């Protein structure tokens, strides 16, 4: 542990995921004393039509 | 918040997802006073072979 | 299946949870043809200090 | 990885959790070649009034 | 209930998923008295580039 | 969106949660262009006896 799950609509580049994983792992070590090797992070890239805000999918209605 | 995650085996049409997102967002506003713009909903459409009930995947065994 | 997870900051009354569970289960049957007995719903009532929006916990900073 | 999340209504004894964690970790090593030290398991013990099946909370309605 | 979510980096064969689902469902019945038909299991097969351990994605950096 | 869920064994101080939420929200804005107000973060503080690594709960066996 810790286990961090990041869910976003759309996709990220590998470069973005690399940077985000590095920074979050660093934050958890620096702020919460969690040794880096124990931190697992998973990214879920959700299609826009599978995500709704305020009752509207993040795509145009048909 | 709220954050609602809906996991189903198989897939839904965009029309079904639209309707489900609208109704759940409405339910949370009407019953729990959660303003609509704050409600996030994500759908995870899981392949049948990745879901088991009673120890059996939702596909025929090979 | 389906499995629905509802995460909110703060708590709900039992009456609210009853109503929300009934309505969502009904929505999934009516819109997506999921038989009611198969729908599982879990509620996670998250303490306000364990939820952040825009980088701010939903409690006052100390 | 792997990360396994077990959600049940009600609670388990520590002895039950110990046994379940041992067996699942063993299963993942034996069947999927996942080395034991990499397997994380978390248990979420959900109050009965926060879990619904078929639209009914797992407590009596008031 | 119970609801079990298994997240792994990479993929599993259908045969592995079948075996894992059988064994976990059996464990929960034998150890925790959960009747088999109530146990739902979902598998999330996460691309290696969407999983990080120790701040490094499970792919080579570019 | 994004929705970030942080699961740790044990607990964090409010100060730690404040700092972690600020930094992750900042990371997602800076690296992935996600506007801060859209980022939701929830913390799940899991009892040590509900978390296992390598088949062992994070408490001494009885």
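Per-chain numbering from 1; labels A, B, C, D, E and F assigned in written order.
The criterion applied here is as follows: contacts are C-beta pairs under 8 Å (C-beta built on N, C-alpha and C of every residue); 3 or more make two chains touch, one makes a residue touch a chain.
Here the structure is a predicted model, which is why all the values come from computation and not from measurement.
Counted by residue number, the contact pairs of D-E are over half the same as those of B-C, the matching pair from B-C, D-F or A-B. The distance from the centre of chain A to the centre of chain F, with each centre set as the mean of the Cα atoms, comes to 12 Å. Chain A and chain E, compared by their mean Cα positions, are separated by 19 Å.
Our note on geometry: chain A versus chain D, Cα centroid distance of 23 Å, whole angstroms.
Shared contact sites, meaning residues of chain F that touch two or more other chains, fall at 1, 3, 7, 24, 40, 42, 44, 46, 51, 53. Taken together, the touching pairs give a contact graph of some other shape, not a line, ring, star or complete one. Touching pairs of chains, sorted by label, consist of A-B, A-D, A-E, A-F, B-C, B-E, B-F, C-D, C-E, C-F, D-E, D-F. Residue ranges of chain B in contact with chain A, taken from their complex: 14-15, 17-18, 21-22, 24-26, 36-45.
Across the interface of their complex, chain B is touched by residues 1-9, 12, 16, 19-20, 23-24, 27-28, 31-32, 34, 46, 51, 53, 58 of chain C. If you check the complex, the residues on chain E that touch chain C are 1, 3, 40, 42. Taken together, the chain C residues at the contact with chain F in this complex read 7, 44, 46, 49-57, 59, 61-62.
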